[in-house]
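These are the structures, in structure tokens.
What follows is a pair of complexes built around chain A, which joins chain B in one and chain C in the other.
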Partner chain A sequence: MSSVATAPSASPSWLRGIPLVVVLMLLPMAAINLIAFVLPVVRLAMISFIKSRSGGVLTDTYTLENYVDFFTDRFSFELISNSLVLGFGVTLVTLVCSYPIALFLHRVSPQWRNLLFVITVSPLLVSSVVRTYGWMVLLGDQGVINGILTSTGIIQTPIRLVNNLLGVYIGMVEVLIPYMALSLIAGFGRLDIVYEEAAASLGANGWTRFRRVILPLTMPGIALGCLLCFVLAISSFITPKLLGGGRVFLLATEIYDQAVIQLEWPSAAATSVIVLIIFGLALALYSRVAKRFD
Partner chain B sequence: MIGRMTLPFRILVACLYLFLLAPILIVLPLSFSNDTFLTFPPQSWGLRWYAAMFNHRGLIDALWTSLGIATTVTILGLLAGVPAAFAIRRHEFTGRDFILNLFTAPLLLPSIVLGLAILLVFVQARLLGTYSGLVIAHLIVTTPYVIRIMLTAFSTLPPSVEEAATMLGAPPLTVFRRVTLPLMMPGFIASAALSFLLSFDEVVISLFITGPRMRTLPVEIFDYVESTTDPMTAAVSVVLVAATLLIIFLIERTLGLSKTVGKS
Partner chain C sequence: MNRPSKKVLSAAFVATTILWGSQIANAADITVMGYRGPFEENYVKSVVEPFMKAHPDIKVTFYGVQNAATSLGNMRAQRDAPQVNAVIYDLSVAKIAKEEGLIADVDPAKLPNYADVADIGKDLGGAAVPITYDTLSLIYNRDAFATAPTSWEALWDKAQDGKVALPAQGGGDIQAILLTIIANRLAGEENYKDTIDPGVDKLVELAPRVQTWEPKPDAYTLVANGTASVSIGYNARSQFYTDHTEGRLQSVGPVEGTASQINVISAIENAPEREATETFMNYALSPEAQAAFARAMFYAPTNTKAEVDEATRERIPLMDPAQRDKLIDVDWMSIGDLREDILRPWRRQIIPAGR
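Entry: the complex of A and B
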């Protein structure tokens, strides 16, 4: 983020090396980027250090108070641990659900592969609000699953599947499967059937072949998919907000509540910076893990 | 035997696909419920909630707002993104990698953080709850994809093709119209379609910057879902999914067509 923040001041020196026609072609995009990305990120970082009076009025005083408040509040640690546990948990379940899909797509005959590939990524084109609503319909107390279970007499009273952590898990895993499957498929290029045949001819059974041959070869795809899903999971907002029913507290939902409902922008900005730091740590961990598999 | 797919494995994959598609498929039967509340199975069937949807002023207004914004964002995004991608692909200049990284960096930022950051700037610039504010905010979401797609499209078009046309005596405008444009068409269509869908579906950033008088459709649906559980949202969802399928189908047809045109 520091390189982004220094961009405008660095411009005169590197501008000299660019032909005019190139500058003109880049100008509209640079303007959009400046107004809706560089300035907002700089302003967010600044406001996270600004003192606010009651009612969200900003002052001119710079302070560390917002961060001190964050780290001295027990609730903040609950938010961080909730977000991290959800992030890791959802990533793990998504991986377990997506791996068979990706392996199937890798092995299926080409004429089926294209159709199934489109079906796998098509949920990405459907609004996350619509998909989350679908889960509210399926999991609600009067919803489809409880409706079927009670009408067939398997259960007497509806099971609570939504407005709790379970509902958030189910919804988020479903929302993230296409991303994970795409990453896995991209990393499955190295998986060739001859390696498995070689392992089999040397006497390895199905499980050993999976553990010793398939899994190591597909590890780069797994690492990439896990990074993507973890990052998307800890920053996702729509699904936890709607399926959590206001009972699941995460960093992302807290940012929204602080900014839009309580109008405490400096606190919201400080919480955002914490999320960005967790992002940076996840990225650093990924690059270390990815290096080991190369 | 090796690499073969056993029946249990096929059943497992079928179940996973059912899980993946369940929330999209379930809204279809429920949208034809005539009940006042969401119940399953519905007590009565009919088109009541489709009628309610078309008579809901807020929803219809938001639909027109979203369509207008998505169209504007698509056009402006191509006008800004295509020249930028062309400059990055075809010209050598200092800081090229930095510019590319800067233009695609918004992809990496979580939208909840980006939404708040844009709110903080827009509140000073008096862009909150305005049409232009929403367009600018959506552009930062769509243009990284436009640039990525067009970079790939330009790299599949070697300069030598255009040079050959010029050497055979074609004036620059003819080269552009007869050579460059047809070869770029799939990239344009893919960028335009993705921009339109991304802008039309964008919800997190919009939640931060919409006002009471200027609301996009996903924000309107989000608020409706949060407060009410009746089958109207199912009807809205069915219309949205059908519209998305229609757009994908149309692109598939036109992209296929443009490919055959390009070959002949």
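Entry: the complex of A and C
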């Protein structure tokens, strides 16, 4: 019988009992995370406390002013509300669009599944910037959609499909559908046709079967997909910048403006920390939801 | 067959090594950070390459960045170990860089051409020397106007409803500031330092007609391809795009006058190769470099001795005495302090009025 070396008894209690080889194997990843993620976030948090003079000149003084300014400005709450509404809205629309696709992929015969699966995620092969520029061409006043609508006489003047919130919704839903579909499929493990058949044999109609059987069994996938899409939507920057026409103000775009236009790095850092806190809350909510459906 | 002796070979080797070593000792490698795109392309051709020809011992690499704010970000990040030696950027950003100790206070005596530089934008002395002057122009699509517009009021023209592109977001900060000052004057208030409220009200009136506040890829492209019919832009880039769009994009220095934008050159504090950097800065300010870049990109030279041909002068509003007389005075040193006050209404009043 062989014995496995574990972490020395002098090591922290949470490490005791873990095989030494596991600790050693985790070290490189822990080091990378520390250097590439933890330290920059700590630095970001430190910058958020730096006092800046007018024009964005950085000083050597530390202050809470940047956070006080954020929470005493009504515009900040508008930004939070816009970001949350966009995050939830885009997640919901993406879910509604992706759910039938994922369900179909789950049920389709294995010989077709792989091909259809590749087709579903194939948009990820093209950069989201390129796809967003594509939407600009399609949705513009002189774009393909307005061109068809005006040439067929359905509308007289082009309708504004881009450079506004609608354009951002369209672009972001398209960008996020593959992520949502992947998450849903990954979470559909418990869904088995026999449960539906059992429900049908007991007289449940299609809607009841969906509501009482399919939906609860697919909830882990829904929770995972919603978390992923919400986090991606709330932190998205390129699509709102390209399709929003400068009209859609979100936390992510505000961070860019504060850092690059107003040159107020401490304010940008404070806003970034607040966004991280929102992400943390979303994760906490997800873990509660996930526990409930486990 | 005669073969060189070992002594001769050794002597030749030593001589070559010494000569090569002295070459290396004299050579300097400097990096200049500035705007990328057409600016970089033309600056390298008309200033950097001729400089390296005249100074074979100094190699200059141009490092292109998106805008002046990006340059400031790089300078802040490299404060302790600068990777660039000089930077070309906006005067208002240079003021911040100076206050943060990011740029060197070069002695003007070390830049013989400094004496010939015009007074506009010389506020920071040797720390930030004016290298190009530009002006804000009204840009428009040639086919969208039966008669060429001559006034800023063309932006408020009801016929252009939904066809106005204003670069006020995503890097259009200087243009937004200048347009606020211009709108303020159109609304009857001459001094933006007293109040900008009339200008903001006038821009609120314009907001519903604006197609985009963040033209992508830029306002020049949207106007040239007809997606938008009228916008604002810098004269130098407008002229460049006029040439590259067969005249579909046109620009004008409006009758009410326009405001200048000033690019300056600074040496980076704590960067090596100061002497070579100052040599380059002095060349960049020379009449020949200034004239060459004016010909290539239509920036007004800052060196008063630069000689520019008539065809080029005609396309640079600042070189037209009538336009120069009407130049709207902008105190870029105070704009740094007013920056937030001027930009805040854009996101809280002006842009929301156009949703």
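Here, the second predicted complex is superposed on the first by the 257 of 294 C-alpha atoms of A that agree within 3 Å, B and C clash if a C-alpha of one lies under 4 Å from a C-alpha of the other, contacts with A are read in each partner's own complex, and residues count from 1 in each chain.
Here, a contact is a pair of C-beta atoms (placed from the backbone, for glycine too) under 8 Å apart; a residue touches a chain by one contact, two chains touch by 3 or more.
Since the model is a prediction, treat every value here as computed from it, not as a measurement.
Once the two structures are overlaid, the count of chain A residues touched is higher for B than for its counterpart among chain B and chain C. Legend: residue contacts after superposition of the two complexes on their common chain; A:75 is shown touching chain C, with no touch to chain B. In the superposition on chain A, A:189 makes contact with neither chain B nor chain C.
By the touch criterion stated above, A:259 is placed in contact with chain B and with chain C alike. Residue contacts after overlaying the shared chain place A:136 against chain B and chain C alike. Of the two partner chains placed by superposition, only chain B is touched by A:268; chain C is not. By the document's definition of touching, neither partner reaches A:280: not chain B, not chain C.
Using the contact criterion defined above for the overlaid structures, shared-chain residue A:164 touches chain C, although it does not reach chain B. Residue contacts after overlaying the shared chain place A:242 against chain B and chain C alike.
Once chain A of one complex is fitted onto chain A of the other, the partner contacts of A:53 are limited to chain C, with no touch recorded for chain B.
Judged by the document's definition of touching, chain A residues 133, 136, 140, 142, 241-242, 256, 259-260, 265 lie at the interface with chain B and also at the interface with chain C.
Residues 1-3, 5, 9-10, 12-13, 16-17, 19-24, 26-27, 30, 37-41, 79-81, 83-84, 86-88, 91, 93-95, 98-99, 102-103, 105-106, 108-114, 116-121, 136-137, 139-140, 143, 147, 197, 201, 203-204, 207-208, 218, 221-222, 225-226, 229, 233-234, 236-237, 240-241, 244, 248 of chain B are the ones that touch chain A when the two sit in their complex. For chain C in complex with chain A, the residues that touch the partner chain are 67, 69-70, 72-73, 76, 92-93, 95-96, 99-100, 162, 168-171, 173, 211-214, 216, 226-227, 336-337, 339-340, 343, 347-348, 351, 354-355.
Contacts from chain A toward chain B in the complex involve residues 4, 7, 14, 17-19, 21-22, 24-26, 28-33, 35-41, 43-44, 47, 97-98, 100-101, 104, 107-108, 116, 119-120, 122-123, 125-138, 140, 142-144, 146-148, 151, 171, 174, 177-178, 193, 196-197, 200, 209, 231, 234-238, 241-242, 252, 255-256, 259-260, 265, 268-269, 272, 275-276, 279. Against chain C, in their complex, chain A makes its touches with residues 53-58, 75, 133, 136, 140-142, 160, 163-164, 241-242, 244-247, 249, 256-257, 259-265.
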